[in-house]
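Shared between the two complexes below is chain A, which pairs with chain B and chain C, respectively.
Here is the complex of A and B:
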């Protein structure tokens, strides 16, 4: 009896889940917001013949081509729906999706969420000025569009992404005015045992770092962007050294002329759908904030709902691929999971994940941001960009006793705008915690997880329910 | 350590291979605020505008200038008016010949 498996996302985890579930004779549906498979890490260029390709590391490119090739060969055997946004999921496994002006309700025996992560930034004065972008956004423009975001770019933040983006900009012929990183690489290098387990990826990272070093890009370790100058667009950025608590060390500011500031302080799990379906969550800031609790097969607290890849905690594309296969298999053969044979069949993927998770936790140590950095937002700094809610408006709400995300949202409108809080919620929670919120907790997620027009909702065919 | 030298070599060797699209090859034009802008087939409106040095895509309800932030569709900062329809994301909409794009001001 073939099962039906519904997969949300077509990045490394989603593609491998689809391949594995289909190989086990499941009927597979894949919904993905992008027009082409690949997700963010394996984002495809709009013209495969030029650009994009040569800027990424050869190891990453080989993995990307192999996986996307395998998924594309599968596409006539599964129901693949690109440019389709999933905007509601219920515990029964009922998934609501929108494609342009049409919405539809999908049902399946199992749902595998592989919705990945989004970038986070720490608000600072001037960060809404055109020209301040997420570093991954700058990378996406380069990978998918072959466009350099600016003529002189400052890359800043924490973790490995700023280094990768700086190197890729250089390889594409761009000018990187400065690379400012919160932590030194030495802090990570101390965990040599864990790094050895991920030595292939470490080598890729070193090649990116070598590009930056050879280009002579000024590297500022322990520096963060503290203010952007320029009214119409970015004209320069002030970088300053911060101490272990994240406070600015006086007289360390340096002004760097640039037209783009690319920032990344890590990632937040796209866990809205899991939360909406009632999945139990855990909090772990460096691995993505609030992330779904999963077992070794990707099973959540809600029967039939699985989560795989970065959405279940940031661990990179290789873990996502292994986990996608494990969850795809488990979703296709739910009652077989207990059998020893099932486990033996997946032993390679289970071992691969085990090995890389140790490595990724060493990388995650780079993403522990000191709480003081959230004080970079001055009173007039906008925190919620959609609704223009400033840090002082939030602080007033905290002072009046509103310290949980639900009440902060009701009182200030932070998180109520177009992006659904995906840009500001982590910042609102962090600021609330600075003001003594014991545990800011979670905002109750409600449909719609994506903006959908009333006309599209009204288009729902009664027969599809 | 031989591999270290290999790492350095490979880190720099890639640079020559990277090619960026230029406005001259196989492009077309669309309108931004009534003025022609070059784009490549398949390119997003936001990417084409950025390649032409245009960063402000929206003036929000409070009068703040806004441009691309996430570049992949989730932040909704780059909403502009495309062929008369407001709230289209410049980073997600593919540029087409003859398209008319305007800055979004306030709610429309």
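Here is the complex of A and C:
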């Protein structure tokens, strides 16, 4: 009987895992929250008919078309479920999913989690003002709806994403008032050997940078947003230069009028489902905070549960695609993994990943965030937006000895709201470390990974259990 | 292995342990008090339960304990100097009956309660639904209500006790599990991974786990864990003013101050797990929708497991002396 493989996510890793597992005769189910396949990086327009010019680099567009095309040709051979959220995973490989008003329990021999990453922001005074957005959120609006988030946008943060988003806004006809990057490109450029391994990606990045330079966008290297002005809506942002420790250098502030501030300080792994299933984790801030421990085939500490792509540590779409194929193959042929033949069949993907991982670790030097930036939050800055928990409430809890995410959550409610801590937990842990927490703690994962109504939970078809 | 000496060792830093520690410290006897908890702050039964307190019980002991507790809760924030407050809510408890037998049980309990001065009363189904419009009418016969019952935040209550106890000089330590207690001369010796504690007296405040430490001493304590699983919804405008208990559904419903609704579901299950069991959500949701159909649209944010002890024993328990 063919093995069944259940894949969570339809980004590069999920799509290629599905293609590979199906090619190996597995019965494949793919659940994905989005209405159309692609994930964040290859996000498609919300409807096929929604227009919009090409804002992504030609190299990226070609990869996107090829992979989505291959996945869509597969769709009548697999059980593909768009607009479906996975909200609980148990160690037995039992996955609970919700599609609108209905829930269902899915079982499979193997589960491949390709749930990607979410963005990280660093709280600063005014960061909850309407108009402050994640850079990736601004990009998603462009990709899915061809909507410019504002008339005059400041893009800021660390790593390559702010550069890409600034360029894409310009290509879509938007106005970028300023591009502020925490770490200079020069530091990354020193790692020539690693960059060479990812030269195609570097070229794409340089083309984005050229777009920004040609448009004459003011670029501020070493600057971060330190305060937003405006009550109901962003009116301006104060950018300031910070030193190596992340402290503001006096008299470097510049106020820039804008209606949107797009911020990204890197990414955190969407590892809730893996955690819930009891998968062993490791902590690595630049590559995604707490990420599942996986072997070269994506196997976790829980037999039958695999993780591939950025969810196992940020390494970009090309690694995700190669890794999806590796994990898809491993999930489909669990007993065969040890054979030499299995490895030979995947040698191209294994080599591709090795080459690009070296490149990505050079890029990740741009994502190192000095601890001082976490001091930007003043006492009345809201850190947990769902439960309105301020930095001073957190500091009061720290002072009383509550320093782990679980205990801070109990005393302050930070992380107890709608988002389940996905937005604030990394900030809570970082602030706790400033106040003497021995390490970046981990919050006990609890179902549900996504909110689901009581009515939908009650709809569960008993026969699907 | 290090060794430490204390006058009283309290095992467990939940509601029992910290309350005992604080009350002892307040007496100012100068006794050295050490509280050890195996987990983190509020990680045990206190932090996991449905957070309600009520005088509506059927047994004298429970009724009188709760009368005392409620008197204390009413001024606890001031007494413990905890300005933030403990989210005390006294909007009453409404215990619902969906069968004649349950209705008669409630009537009898109310007679007992009133004998101790508890202001409880019987309501018919119409009165229950007027009080809680989201209630389902299916089979509902009525309920008993006491306006003085209510709830508090278990986290803030414990935080208030913890800070007050520490101010009184109590040594409270987390992450230290007492593996075993043995007799040692006129006192006791407690074994932990970090060393030995020599204690004049030992107070076991581990709720349903008390028999674990007593059994090796040859004392049998008939306390068993009653397993529960709990889920909480996103905040919503006030829909359930009093706390509800349905005897038939075996569910308690508490809309806390923030607007979230907490459903505590009793169910027979194996072990003492604090995790959600895979079939819990699909087991609980239809029962909840039957009980309060007006809340079916609420999104569930989180679920977890808990246990609480069966009936408290409040007397000298006659077991084999040690």
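To be clear about the criterion, the second predicted complex is superposed on the first by the 456 of 465 C-alpha atoms of A that agree within 3 Å, B and C clash if a C-alpha of one lies under 4 Å from a C-alpha of the other, contacts with A are read in each partner's own complex, and residues count from 1 in each chain.
Keep in mind that, in the parts below, contacts are C-beta pairs under 8 Å (C-beta built on N, C-alpha and C of every residue); 3 or more make two chains touch, one makes a residue touch a chain.
None of the values given here were measured: they were computed from a predicted structure.
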item	value
Joint occupancy of chain A by chain B and chain C, clash or fit	fit
Chain B versus chain C as contact partner of A:206, first or second or both or neither	first
More chain A residues in contact - chain B or chain C	B
Which superposed partner A:173 touches (first chain B, second chain C, both, neither)	first
Which superposed partner A:90 touches (first chain B, second chain C, both, neither)	second
Touching partner for A:451 - first (chain B), second (chain C), both, neither	both
Touching partner for A:148 - first (chain B), second (chain C), both, neither	first
Partner chain in contact with A:232 - chain B first, chain C second, else both or neither	first
Touched partner set for A:140, first chain B, second chain C, both or neither	first
Touching partner for A:418 - first (chain B), second (chain C), both, neither	both
Chain B versus chain C as contact partner of A:400, first or second or both or neither	second
Lowest C-alpha to C-alpha distance for chain C against chain B (Å)	5
Intersection of chain A interface sets (partners chain B, chain C)	417-418, 451
Parts of chain C lying in touch with chain A, wherever the complex brings them together	40-43, 47, 155-156, 159, 162-163, 233-234, 258, 276, 278-279, 281-282, 284-286, 288-289, 295-304
Contacting residues of chain A [partner chain C, same complex]	88, 90, 92, 94, 96, 103, 105, 387, 400-402, 404, 406-407, 410-411, 413, 416-418, 420, 446-448, 451-455, 457-458, 460, 462, 465
Touching residues on chain B, where the partner in the complex is chain A	3-4, 7-8, 10-12, 14-15, 17-21, 40-44, 47-48, 50-51, 55-57, 60-62, 64-77, 79, 87
Chain B partner contacts - residues on chain A that touch it in the complex	33, 40, 46-47, 50-51, 53-55, 58, 118-119, 128-134, 136-138, 140-141, 144-149, 167, 170-173, 203, 206-211, 214, 232-233, 382, 385-386, 388, 417-419, 422-423, 451
